[in-house]
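Chains: A, B, C, D, E and F, in written order; residue numbering restarts at 1 for each.
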Amino acid sequence: MNKDKNISVFMGCESEYGEASMVVFGAPFDSTTSFRPGARFASSAMRLESYGLETYSPYQNKSLEDISVFDGGDLELCFGNSEAALDRIERFTADILADKKIPCMIGGEHLVTLGAVRAVFKKYPDLNVIHFDAHADLRDEYLGEKLSHACVMRRVWELTGDGKIYQFGIRSGDRSEFEWGKEHIITQKFNFDTLGDAVKALARKPVYFSLDLDVLDPSVFSGTGTPEPGGVTFRELLNAALKLKELNIVGFDINELSPHYDQSGASTAAACKILRELLLAFSE
Amino acid sequence: MNKDKNISVFMGCESEYGEASMVVFGAPFDSTTSFRPGARFASSAMRLESYGLETYSPYQNKSLEDISVFDGGDLELCFGNSEAALDRIERFTADILADKKIPCMIGGEHLVTLGAVRAVFKKYPDLNVIHFDAHADLRDEYLGEKLSHACVMRRVWELTGDGKIYQFGIRSGDRSEFEWGKEHIITQKFNFDTLGDAVKALARKPVYFSLDLDVLDPSVFSGTGTPEPGGVTFRELLNAALKLKELNIVGFDINELSPHYDQSGASTAAACKILRELLLAFSE
Amino acid sequence: MNKDKNISVFMGCESEYGEASMVVFGAPFDSTTSFRPGARFASSAMRLESYGLETYSPYQNKSLEDISVFDGGDLELCFGNSEAALDRIERFTADILADKKIPCMIGGEHLVTLGAVRAVFKKYPDLNVIHFDAHADLRDEYLGEKLSHACVMRRVWELTGDGKIYQFGIRSGDRSEFEWGKEHIITQKFNFDTLGDAVKALARKPVYFSLDLDVLDPSVFSGTGTPEPGGVTFRELLNAALKLKELNIVGFDINELSPHYDQSGASTAAACKILRELLLAFSE
Amino acid sequence: MNKDKNISVFMGCESEYGEASMVVFGAPFDSTTSFRPGARFASSAMRLESYGLETYSPYQNKSLEDISVFDGGDLELCFGNSEAALDRIERFTADILADKKIPCMIGGEHLVTLGAVRAVFKKYPDLNVIHFDAHADLRDEYLGEKLSHACVMRRVWELTGDGKIYQFGIRSGDRSEFEWGKEHIITQKFNFDTLGDAVKALARKPVYFSLDLDVLDPSVFSGTGTPEPGGVTFRELLNAALKLKELNIVGFDINELSPHYDQSGASTAAACKILRELLLAFSE
Amino acid sequence: MNKDKNISVFMGCESEYGEASMVVFGAPFDSTTSFRPGARFASSAMRLESYGLETYSPYQNKSLEDISVFDGGDLELCFGNSEAALDRIERFTADILADKKIPCMIGGEHLVTLGAVRAVFKKYPDLNVIHFDAHADLRDEYLGEKLSHACVMRRVWELTGDGKIYQFGIRSGDRSEFEWGKEHIITQKFNFDTLGDAVKALARKPVYFSLDLDVLDPSVFSGTGTPEPGGVTFRELLNAALKLKELNIVGFDINELSPHYDQSGASTAAACKILRELLLAFSE
Amino acid sequence: MNKDKNISVFMGCESEYGEASMVVFGAPFDSTTSFRPGARFASSAMRLESYGLETYSPYQNKSLEDISVFDGGDLELCFGNSEAALDRIERFTADILADKKIPCMIGGEHLVTLGAVRAVFKKYPDLNVIHFDAHADLRDEYLGEKLSHACVMRRVWELTGDGKIYQFGIRSGDRSEFEWGKEHIITQKFNFDTLGDAVKALARKPVYFSLDLDVLDPSVFSGTGTPEPGGVTFRELLNAALKLKELNIVGFDINELSPHYDQSGASTAAACKILRELLLAFSE
């Protein structure tokens, strides 16, 4: 008879902390979401739904059982206080990095990326960022607020400086974001056409990868706060993600799943499958 | 041909501002909601859904067309910054009071009540509060945060002092909230049994009325962030609300409808009907 | 091996036409619904969902297998043409009556009642009507239209004349409907308090019974076009319906279920169970 | 303090009537819908949901703030009376045209197109029509009714005569519609392959554009009354729509969104984004 | 930093196994459900949703933090093989009993009760059963199958013999079930009127309590496979459950929540709250 | 007046049994589904929803009215007893084959295929199988059970032997399934690239076609128990299915639609449209 308390981890992430090379954790925060909130429920939904999928990937001929991942559960974050939430995320990420493991954060809204990047940047001051998203997220402020999902890449740029952020799939923003972006970062609108160039340019450099799942077309991924039609297909995203295998990924996140707008479970399944592929791709 | 822009008001709230004795406005904020967010969508949903109801009340034999209410639309509030949101609500409420009109706020989560009460309290320093709710909302802090829906009545108490808050229908809280409450406020658990006493005690005094709709049983009102079984029926709430007619209500709010969890529209209809009855009851 | 085409009937309504004393049929029409349409799907949903219930009633100690009911399926009605739809319903009902069977129509929106009553009234010129509803449905016209669900009882009154319509449970209407009603019909607001009187008054007279299911509180029956809080409980409706056993019911209908707003199936189950009880109560 | 009543317009359509070159209005009518009704809710849902998008288009490098559009709200149409509804739409459209503005109607079911085309045809007797749709809509009658969404293009043809209607994306109809179509109109089944030819042929001629959104595949646009698999992608529709920039579009509509079948909001977002692109493309 | 794997337990059930006096576990099995399946998801949904409630009960002035409960997670049961599933449940329950703890099982469909009762009966051969349910569940077989949710109390009776099963709230069954029941068990139809008598009769005897949550009216609890209108209110169920405090409860279960039919979460909240009250009531 | 009981058949399948060359029937069984159950509701949902489509196919220029199909309704299968269900399916299929008609089964979960194949294999001992699916379904057992949807093709292989099963679109399975598959069957991962080869190889041989609809991408077909992103588009599936016209199809099935996860109806429409095309393609 099992006398252990109920364990709930993402499928196949069964390692003990000490043995793991990667650490998955959830950051259930969505207080700055400006349209439909609910990304706070992503990590718990993904853990449950992951059991509808397999640990083995026929794309990479590799299984989560072949690698060592620890699932540390969800951080307890205070809704309504962004700075406190980011601080908690930064400290947790720093601990993982200090133990020489790769942090893999499940958002939450996109603002949580800032907390993780702060920690990663401290360790890797020459950090580069690859960012897949429908939205540019480059506003300097949003309704007077600097800490908003709509500003997260601008805040990241304040750390990394010019020429370090590579965006792909962007199809929404205001005019000023696109114009500012031309001066300071590298933006590929609508698709991944120039991803190969970025991968070449970033060879051997430390790279943080931030995946806002709404880069996917809402046909594939309707369960998100701000569905933006005209996105990439699942196969296009999968192929793009697998190209990142060649890079030195030192941390990554996957965010903006909002399970309450996913009546069928298909969006949650998409998030889980992408996470499986990323874990397999970025291990060792 | 109509050459005016599209107007969207709560049914029957067609007065111009100058002529109105009551002002309805929305406070679409839910950043501190700790469970299911979405109360931000309440006011716009209620305006649309109100047209499934009638302006005439057979309970009071009175119609919204008989009174003068102005609907000022929704405040633009910044998600993720509670203090800024409360400040905006306070200023708007103060303006309405300065013009000798009764403010009627549609939340949003329950924290928005604090903004309105701050303004009302400035005008009426001997303010009393009647509070219908499932939850005591008396925590001193919640996950380290003072400004939270779970603390709103504690913050209100800091303004009014002991013996001024009358709670009804409370059926959830932690032990310390109930114990603290015994010392500082008047709590009627589960129902409205002692409401008559409160009405007598408060005759002619200025009273603010805050209605957290989750005082209703989830059978009637499932469309809310934290459904708490064991609540009152719609008829019980209606009867209780009509008893408040005898009081000098100087401001009121209705909050915590979360329309995305109301697939049938029945919860939104309940919110609209209660709002109609309150407007009719509290007009002069 | 079964070589018959697929039969789909309401549970227990397995009789051949010739042997049946009652005939169930659907009138899937909702073109004049002014708020949420969808009552057109009621009859097919009820046939499917009825198999979640039993044919036996512990309330009446009687089973649908003890009586003889034929299910004639759904009429093919043209959306957008009310007069044509009513005409089709009238002719079908007249045929059933000509064969000395009791018609039991499943709406559809409430306007369909007019078609059935026209046929019944031709056979019984001294017809009385018992009407359970949340809404008075007594407008002379609605947005310029005489044939509307909101006017159906006014149209019925044009046939029966004063003093023949008994309404129960009414909790919505405009002021003029209630005032007009006082002159011409008998209205019991909110509940069934005076139903016993009506049953006495109508003893041995021909009675048509029209049940708008939204007389139920939306807690019980949210799956309807215009949920109106403050209605009766299931047990109250059931008790009231069983009181009608003493009457000479010559036809009846049940209407305004809108299954697409019934995510859980509970409203459809309520409609099915009430229909079972009515069939059992009005048979012999 | 804002003392204006609550204004609710489609994002960026903030112009006064006098200054606008285009007028958006809603035609919330769906009484002849033969399968799932609900298109009546499209225009109000689109106004609310549009705020999840941006006014700026990275496809056209143009913003709604650069052009002048007035949103006149919704017409009040009587459900169940098609001729009255069409008449109301025709008169409103004629007024807009008389003021030398371009009408942009948000349906409603597809029948509403007939009202608008009647007005446009009176001003431009040599009118051509471009029609994107999954369904041919060429029946002479449907269940005995001439005024039905299934007949709308046949009714339009009765005005324009042979060779003036160009259909694209058609993948559903009965055999007789396709055969009749070959004689009288130009039909491109399944896709937009011959759209370039049509654009050439119609250069400088007055053209009305009717977009039934179900031309999109249900993967992109499931929130519609009659989902028909096998449609075009969002990018294919967007590219096709932008090709129409070269034409002299004198009026247009977008129809058949049914928001109650759009749990995630993704279909409503698609409708909003396409409307934004059309407004930008057709402005001067 | 937390280096433990993610633990997911029902709120307040934080004890280690050794210290606990009660053991909660899930039995996610629903293969014999004859109408809407999905009860397999109940236990994981309840664990997640329980955090919307409090551990403290104002009804009993007692908190889950005052008692010692261990949550052992879910059994892995094979869908489609009822006997194997029951065997697994029986063995797990027997282990708990052997350790002198009270088993509390979260179903699953009602058939799972048989597995637990088999184990409890072995320890307590004079076992009595209190059964709250909408359905009699007394069929000898269902579609030829002996192991079915519709037969579970008949199977239990085969263990306990006559006069040991007390049913309450029953409002559905076929005629033969009610007739058989009169001979062999004690049935209170529709309500809890005679519960006091049963409690008296069973004083000091070992009692197993099986709670099919569909005893609740679907207004309170729509998220279940076979909603049966006409049930008890939440307060009625709560009061009845608290009466059982006086008994020697040696095991209990709570079953038939089907979360996928609970769009708002209200049914899951009801299940969680009842479970909290039962744990508090039956501890020591 | 129609005096026949209500007939409910898939659109256009109006033939009498004797005249039909194909027989459609439902196998509503899903007891071994390991994730989200509900495929039991597929056949009844498809019959109802099929009336949103046309009987005429513009892809094949052929109508269901041109061919002869009988719809025999649904088998009554016992939930929880897989062997009994398979036996019932086998006998029914055998009867159809004995009458020289082509059986077309609507599942149900995928395990039902085994029942049909058993009957077909008895008539055609050299049977080949074409299998479109997301999942390999080649496990020898699943949680100790041999009769599981996850094992169905392994069980089929035990009948046909090596080299007779051709899988397409497979994108999920554990490693051992893919490895076993290489030895014993022909697997095309992800797409239909080698379907032309299979069609050539199988010319004139008896072929059973089993279509698990989850081969479609969840964007097209979210209404299924285990959505697996990365699938084929509707047009790809349609084209592949039409290629099978050249084969000697002696039986086929379509399975795994789970309508309760199809809020919009789009998945059910996809299933209906594919079924229409298959019936047209395989009729003589």
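As a working rule, a contact is a pair of C-beta atoms (placed from the backbone, for glycine too) under 8 Å apart; a residue touches a chain by one contact, two chains touch by 3 or more.
Computed from a prediction, not measured in an experiment: that's the story for all the values here.
Visitor: Where each step is a move between two chains that touch, what is the least number of such steps from subunit C to subunit F?
Guide: So the least number of steps between the two chains is 1.
Visitor: Which chain has its C-alpha centroid at the greatest distance from the C-alpha centroid of subunit C?
Guide: A
Visitor: Specify the chain most distant from subunit D by Cα centroid.
Guide: Using the mean of the C-alpha atoms as each chain's centre, the farthest one from subunit D is E.
Visitor: Specify, for the interface formed by the sequence copies subunit D and subunit F, whether it is same or different in terms of residue numbers shared by both sides, with half as the dividing line.
Guide: Interface between subunit D and subunit F is built from largely different residues.
Visitor: What is the distance in Å between the mean C-alpha positions of subunit B and subunit E?
Guide: About 38 Å, centre to centre.
Visitor: Centroid of subunit A to centroid of subunit E, CA atoms only: how many Å?
Guide: 41
Visitor: If you average the CA atoms of subunit A and of subunit C, how many Å lie between those two points?
Guide: 55
Visitor: Where does subunit C touch two or more other chains at once, residue-wise?
Guide: 36, 217, 219-220, 261, 263
Visitor: Show me, using the given definition of touch, all chain pairs that touch one another.
Guide: A-B, A-D, A-E, A-F, B-C, B-D, B-E, C-D, C-E, C-F, D-F, E-F
Visitor: Quick one: in the complex, what on subunit D touches subunit C?
Guide: Checking each residue of subunit D against subunit C gives 30-34, 36-38, 40, 76-82, 84, 142-145, 147-148, 260-261.
Visitor: Quick check on the complex: what are the subunit E residues that touch subunit A?
Guide: 1-9, 14, 16-18, 44, 47-48, 70-74, 92, 95-96
Visitor: Using the touch rule from the top, collect the residues of subunit B that touch subunit E in their complex.
Guide: 35-36, 170-175, 178, 189-190, 217-220, 222-230, 261-263, 267
Visitor: Show which residues of subunit F lie in contact with subunit D when the two form their complex.
Guide: Residues of subunit F touching subunit D: 51-56, 58-59, 61, 63, 217, 219-220, 234-235, 238, 263-266, 269-270, 273-274.
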